[in-house]
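You will see chain A twice below: alongside chain B first, and alongside chain C after that.
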Partner chain A sequence: MTQDNHSGRPQGRPPEGDGRVSRVEASLRGPFLLFFVSAVVWLLAASVLGVIAALDLGSLQGGVFRDCPWFTPGRVAAAQQGLFVYGWGFNAFFALNLWLLSQLGRFEFRNGWLAQLGGVAWNLALTYGVVRVFAGELSGFRLLDFPREVGPVLAVAFLLAGFWPIVAFARRPTGHTFASQWFVVGASFAFPLFYLLAQLLVLWQPASGVVQAIAHSWFVANLLQLWFGASALAAIYYFLPKVLERTLTGYYLAPVAFWTFFLFAGWTGPAALVGSPVPLWLQSTGVVAAAMMLIPVIIIAINVHGTLFTQGGWTRAWNDTTLRFVSFGAAAFTLAGLLGGVFAFRAPSALVRFTSFGAGLEQLLVYGCATMVLFGASYFVLPRLTGALWPSAKLVHVHFWATALGFVGALVAWLVGGWQTGQLLADPAVAYADVLRAESSWFFMLTISAVLLLVGHVAFALNAFGMILKSSAPAASGRHD
Partner chain B sequence: MKNLNTLLAGVFLAVALPFGALVLSGQSQLGGLGRAAGEEGGALFPSREPGQAVQGRAVYVSLGCVSCHTQQVRPAGQGSDIARGFGVRPSVARDYALQPQVLLGERRLGPDLANYGARSSKINVETLLTDPASSGAAWHPSYRFVDAAQRAALVAYLKSLRQDYPSPEAKLKK
Partner chain C sequence: MNDRNRHSDSNRPRRGPSGSEGPSDGRLVEVHAQLSRDKDEPAEGFSLTPIFIVFLFCGFGFWAGVYLTKNAGGFSASAFDLDAPKAVVGGGPVVFEPDVAKGEQLFLANCAACHQATGLGVPGAFPPLAKSAWVAGAEDRLIKAILAGLAGEIEVNGVKYNGNMPNIGAGLKDAQIAHIATYVRQAWGNTGEPVMDTKVAEVRKAIGNRAQYVPADLLKEHPLETK
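The block that comes next holds the complex of A and B.
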């Protein structure tokens, strides 16, 4: 393995005044805005469903949507997750990954219409999938809940919309590469592979018996780590040195972090099946892999937190909108990695299994890390692409505080509530009804958190859409605030 | 890291190796499982699903029951599943060998259903769906829109879920 850029700072950007910068950004405007606007619309829809899901959970027996077939707790949960993950998470990372690699590789995007075609196909397939989920055509496998005919369309749409970062990497004019590029190329190449294999073995040609569960756990681990984790890390590795104008601490370790992250992540799936009727060697492999993931997590922590903890990094991060979100995401990544490693072991895993703890760990990565990083990146990228400034600083504050508090509140409810429920469940003397009663005491907090998240997302959407509508200049005159 | 092909080859291996080692070798180890007798000359288990249960499984999946109910009993020492009476023995892979769609579940907001057919439950499923408050499980969502035929199919499916028979692996685990 060679390492080509030892400086720990993104090197792809030419000096100010180079006309290619504006050409690069101008060429991205169309596809970027399509992905971004779709992402935010899906985010709003998912947030509304999040509130409905929390209300459903908080008052299962007599909620607002009682007896409404479209809003059974199972269907709302499946639709909410589908919209959040495939609507927000994918569209937003299509936009950001493309922008990142175009910047770092000085890639002028001449076939934007192909990416836009992919984006339209992706969103149409997603809409169809969600409608079918509401109508009750679920698959029963979380995050693969859309009817199976949606899978191949999403895969083809991904190749059209999400493969361009690899092209940008291949056509970069310089030999230099940077950690962000490796992570984006890895994420963009890995997703179609594991998505199609999972579709095949879970939905189209289901494997026999519990092998379906093994394939599903493998898919979920890949989706969370290799798409959300890797894409978010790419952005963290870009924005941190870029905005701080500093090199990353111990950047020479980054290639080790990249390879160990990719090589171990795919093996962690069966750690979610500890105690399940699958072979013990599979469970143990998952546990060992989850523990091995501590290696990249620690290296990334050295790179990221080492930088933030020196020369007033945290203060500067706090005072910069982009970095405030991005460093929140970086801290969430480290916490997710540490907790994921510890709670993969048999004893703690058995205690929190089947409680909300697992959802908490997952959201720590998908929301706490990836989504917060995406928000931070938007504050950096959008002004450059639209040539306008963010219309309201107040809405930016509302956005940060509502999402940060909403997320932390939900996280506490998931993790502490899950731990508490696990302890009660482990004691057979505690009646099941009492376990549920204890668990439901957290539902109120989850509802408040869901409302806060919705408020934050609405503030973000108002600001972003206001900015896009106001902008008329095609490129680069704007600067991020 | 300069070379795109090296990068792509590494990422390909990062996806393909765990897939081969976990999923494909899992399939080769478990794919051949079928019905078997727990004792020499004994009856073969798991039983085949009755037709109505097959329809009931579709209702179970369609309502999204799997988001709150698991179907797996963990061994003693890992949780209190057996002590709570969810099952009489831990679930084994063979229990699911005939199921076209394995719904192990990841979350327990309601009780486990792996061995529901063999358990004595005071709760009437039909009442649970139409009027949870009077069924004794007031926290359960109401599903009044489910028609009588679907309810009957769902009950048949739940009754078909049994893991109380001996099987070669279950005996070993006991």
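The block that comes next holds the complex of A and C.
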């Protein structure tokens, strides 16, 4: 593969002098880099833990670390999930959402220190929570694993770090708004609300009986859809027309997508509880909401894929580093919406209930959509903020192929493996030990995928940190080709 | 692989004050706000997509209503299982159990005026039920008497009465008649089998809405069992 980087294309925008970083972007540089660097550090930590967790789970004997309680699968998987979601996902979207709405609202950020304070508080609380998880003090509620005193700190830190996009939106100079702004504002308002309510109902004043489980399922659905989904959609809606220099197909439908997305997403939680002892009407409402999510999913597909399918959009998207990641994320969002709608129904849901299938659907949204979009956005935003180039095009390709293949491999293992396990579990003639043996054979694939993801993330981190370091040392900014 | 690298975006017009990739962000917002107001671009001509989508989404809404009606267990807080919603919601199909206590209450309200609470009747006017062969044995005879009534000469325990019993049972439910008949067959030293509501319904259907029985005719259908 020859690399002639005269185009500047995976390298980002050539600086061409020093006046190219706009005042809006200059004002964002401090908080953005704090969020971004901490996000990437957490991403690396989560990737290492991901490999350890895959090794742990892949062995029926308990893995290499079976004598060390700190590295048993329960703790490692919980810590990995916490770091990936709250460390990488939140920090990265703090940065991207802030940048996005500052750009769209031409907002010059004057109180950067407040956002940085929030970012530091967020990361300290996260560190404390992860250490407690490793010490074995988990709450037992997925994605709310941290001990309960972490919750209020994270909520306050969110208000300091994650609320600025709303300020940028309120101060926008024109009356017109764009889809990206709706989704970011919605996500920024929704998260503190459902996070605090879930903390209250699950950990601080535990609601009695099944209400706790209902509140938890509601929280998980909200976190996945209203934070990760909505933030990723904002970026997809921005980067497609921006990079393709084209308007979105059927854009007048986008308001319907936004409102139906926020209306139905919050109700999809109980679909995960089908078959459990919660009132029938709640289960059925969850199923209906998950199916009705097809409305925003279809409209977003018209907007996004309609744009990509006309005038060679896919070719151009493939040839642009940012859009290659972003359109991968858009495809993953559509697939997640379709599968989520179908597998909410009672019969398919009963088959895959106690398998890895649900984890696959979750990762489709959190990794396939949100994380890939975040990667794509980084390739667009970072060169503009730092005024530097991505140091190595080779690492960009390693990053894309390692993460794309690693993710697709893991997805196949989760979905196909989950489906197969479900069928074996439903067959009374198959002994449970045989089910476990069949399931564990998929863990080999998951381990390979975890290693691939780690490789991709290291390539991304090397490239990104190299660029940031280079930009902060002006004398070394000579390498433009 | 190579053409990916040759592909350059330097030949594209750079719009916007910041001179960045693509249109400026202000223009991006303005153009899309314009699109929101003007619906389709005129050049596209008439498109079937919007009308199809409206119908599709209306279909979704209709389906959602039907699904919720059928699968929500009547929005009851105590319905948990789709496979047996009725058993949980409504207490299940009611299984009838002849109840002597209920029978006694109904007897006192409907029958005791003539037959007396003691079941001994009034000598010379109303025949007794206690130790009467008429109420023991075949349950059809008793049910028919309650449903249609009796009119004419009747001999009970060796004493003759000129009876005129109205069709009390026509105004009572099957289960109520079953309770009464069970009580009558088991009180005052009587030792008959209990009567089920299904049997009452069967008899009611068989005789329809008929006039009072002549006791002799009823005996031809169901002769007294001699001990």
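We take it that the second predicted complex is superposed on the first by the 448 of 481 C-alpha atoms of A that agree within 3 Å, B and C clash if a C-alpha of one lies under 4 Å from a C-alpha of the other, contacts with A are read in each partner's own complex, and residues count from 1 in each chain.
Quick note on the criterion: a contact is a pair of C-beta atoms (placed from the backbone, for glycine too) under 8 Å apart; a residue touches a chain by one contact, two chains touch by 3 or more.
Being a predicted model, the structure only gives us computed values, none of them experimental.
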Message: Should chain B and chain C be called a clash or a fit once both complexes are overlaid on chain A?
response: fit
- prompt: So, A:P428: does it touch chain B (first), chain C (second), both, or neither?
  reply: first
Query: Which of the two partners, first being chain B and second being chain C, lies in contact with A:I468: first, second, both, or neither?
result: neither
Message: Quick check for you: in the superposed arrangement, does A:P69 touch first (chain B), second (chain C), both or neither?
response: first
- request: Could you say whether A:P255 touches chain B, chain C, both of them, or neither, answering first, second, both or neither?
  value: both
Message: Which partner chains sit in contact with A:V416 here, chain B, chain C, both or neither? Use first/second/both/neither.
response: neither
Query: Who does A:Q103 touch here: chain B (first), chain C (second), both, or neither?
result: second
Query: Can A:T177 be said to touch chain B (first), chain C (second), both, or neither?
result: both
Message: With both complexes overlaid on chain A, does A:V278 touch chain B (first), chain C (second), both or neither?
response: both
Message: Tell me which partner touches more residues of chain A in the superposed arrangement, chain B or chain C.
response: B
Message: Quick check for you: in the superposed arrangement, does A:L159 touch first (chain B), second (chain C), both or neither?
response: neither
Message: Using only CA atoms and the superposition described at the top, report the least gap between chain B and chain C in Å.
response: 5
Statement: Check: chain A residues flagged as touching chain B and also chain C 1-4, 177, 255, 277-279, 285, 346
- line: chain B partner, complex, touching residues on chain A are 1-4, 56-57, 60-63, 66-69, 72-75, 77-78, 136-140, 142, 166, 169-170, 175, 177, 182, 185-186, 189-190, 193-194, 197, 201, 206-215, 218, 222, 226, 255, 259, 262-263, 265-267, 269-270, 272-279, 282, 285-286, 289, 346, 350-351, 353-356, 358-359, 425-428, 432-433, 436, 439-440
Message: List the residues on chain B that touch chain A in their complex, please.
response: 1-2, 4, 7-8, 10-19, 21-23, 26-27, 29-31, 33, 61-68, 70, 72, 74-75, 77-80, 83-84, 90-109, 111, 132-133, 138-145
Message: Quick check: in the complex, which residue numbers of chain A touch chain C?
response: 1-9, 13, 20, 22, 103-104, 106, 174, 176-179, 238, 241-245, 247-248, 250-255, 277-281, 283-285, 287-288, 291-292, 294-295, 298-299, 302, 316, 318-320, 346, 380, 384, 393
- prompt: Can you list the chain C residues touching chain A in their complex?
  reply: 1-10, 12-13, 15, 18-23, 25-26, 28-33, 35-36, 38-40, 49-50, 53, 56-57, 60, 63-64, 67-68, 71-82, 85
